[in-house]
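Read from first to last, the chains carry the letters A, B, C and D; within each, the first residue is number 1.
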Amino acid sequence: MTTELERLAVRLREFARVREWEQFHTPKNLVMALAGEVGELVAEFQWLTADESSSPDPDTLARMRTELGDVTLYLVRLADVLGVDLVEAAQAKLDDNDRRYDADLYRGSAKKAPRAT
Amino acid sequence: MTTELERLAVRLREFARVREWEQFHTPKNLVMALAGEVGELVAEFQWLTADESSSPDPDTLARMRTELGDVTLYLVRLADVLGVDLVEAAQAKLDDNDRRYDADLYRGSAKKAPRAT
Amino acid sequence: MTTELERLAVRLREFARVREWEQFHTPKNLVMALAGEVGELVAEFQWLTADESSSPDPDTLARMRTELGDVTLYLVRLADVLGVDLVEAAQAKLDDNDRRYDADLYRGSAKKAPRAT
Amino acid sequence: MTTELERLAVRLREFARVREWEQFHTPKNLVMALAGEVGELVAEFQWLTADESSSPDPDTLARMRTELGDVTLYLVRLADVLGVDLVEAAQAKLDDNDRRYDADLYRGSAKKAPRAT
């Protein structure tokens, strides 16, 4: 079964192909584009308090949504050219975190666990 | 039907709940965590040439995959607390880009299109 | 008169020269290294409240200081290879901001001014 | 003697004071603003080859200079509210790097040294 992220990756491949942009879409360039978009996303939150960030007004939320869309596009495109399955990679990392951050030990704590060895 | 990203979001919700970490997971904090992880991802590519970034050795690719997993986890968690559907947001942005970047006009060009008005 | 940033730039030039690292120090690579270090700096603040970020404990402040040092090193090195004077560039931008953000109009407001035309 | 960075910090303090922006200038908010500006700087380089990044055309260099100015402003302001001397922090880090990266051992190599213990 084709997932929604695979369909998005296919659409991005075609988008790049018809514009002859594959030449620009090296992993190195794409990770920079991703970083640039994440910078724009961060900028939407920079002057908000924690509470304000949790209930943004409709205009602000619309801009956040647009930037989240941009971040997703470059993340999916980067993973595609590298041949990485994002959901599998995320699940593998979450399995790790489940082991590293024992629920009883880290309850209510923002401390970082030591690196798994 | 539940998508793979929704299942990941649900798993992350539970991961935060049992650790009582919801208090830390404001959108403002999560976008910072996302930016931190993107920084680690960028660092994997910083000294590679464009060609090297396209065919990383297995160890480097494994580290890139781990960092892509981290980025995906925070992106999915951030979108979840904001109530944003990442794939819909990405598709809406790609629809925009399809209109902004006429294939004939921007073929082989890395120039930025003027903002849609 | 040689300024402290010029002395730092000269020391970094020599540091790169004796290690034959100039080949890696293209502006493109250096801006990625800068982004990576800024990601590490952001990570130090991600779970802190605004108040906690204003009075970090000594260990946290020491880590922030180390990361600020890294950011400064790559920023100075990047500006040096591009031939840009950071302080002049910052002053020019601050002159702009002085004009864009009229003190009476923007007093107590975090709104963004429209781009100067 | 007052250095050029101290003079810039003083000017930024006054800029924030007359606009009553100190309330927004927590270290947490400022590091986010810094990350946002670094994102804009990275975006200037994302589609350039390494060679192109080393000899940008005048318009591109002017935009890079503007973004470098923004990055410097937020970096200096952040360090000022934290009470950190950027040049001292950078020199301390460079002293460390001098020890970690033995010139003979790391000549021509982009490998990362193990963390000092």
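We take it that contacts are C-beta pairs under 8 Å (C-beta built on N, C-alpha and C of every residue); 3 or more make two chains touch, one makes a residue touch a chain.
Listed by chain with UniProt protein names: A, B, C, D = Nucleotide pyrophosphohydrolase.
Only a predicted model underlies this, so the values are computations on that prediction, with no experimental measurement involved.
A.B. asks: Name whichever of B-C and A-B has more C-beta pairs touching across its two chains.
C.D. replies: Most C-beta pairs in contact, of the two: A-B.
A.B. asks: If chain A and chain D share one sequence, what is the angle of the rotation that overlays their CA atoms, in steps of 5 degrees?
C.D. replies: To bring chain A onto chain D, one rotates by 180 degrees.
A.B. asks: Could you work out how far the Cα centre of chain B sits from that of chain C, in whole Å?
C.D. replies: Result: the chain centres lie 24 Å from each other.
A.B. asks: Just the number, please: Cα centre separation of chain A and chain B in whole Å.
C.D. replies: 2
A.B. asks: Provide the list of chain A residues touching at least two other chains, using ranges where the numbers run on.
C.D. replies: Residues 24, 28-29, 31-32, 35, 38-39, 42, 45, 47, 49-50, 110 of chain A each touch two or more of the other chains.
A.B. asks: Along chain C, where are the residues that touch chain D in the complex?
C.D. replies: Of all residues in chain C, those touching chain D are 3-5, 8, 11-12, 15, 18-21, 23-24, 26-29, 31-32, 34-35, 38-39, 41-42, 45, 48-51, 53-54, 56, 61, 64-66, 68-73, 75-76, 78-79, 81-82, 84, 86-87, 89-94, 97-98, 101, 103, 106-108, 110.
A.B. asks: Which residues of chain B touch chain C in their complex?
C.D. replies: 24, 29, 32-33, 35-40, 42-43, 45-47
A.B. asks: Under the stated contact criterion, what part of chain C meets chain A in this complex?
C.D. replies: 28, 31-32, 35, 47, 49-50, 110
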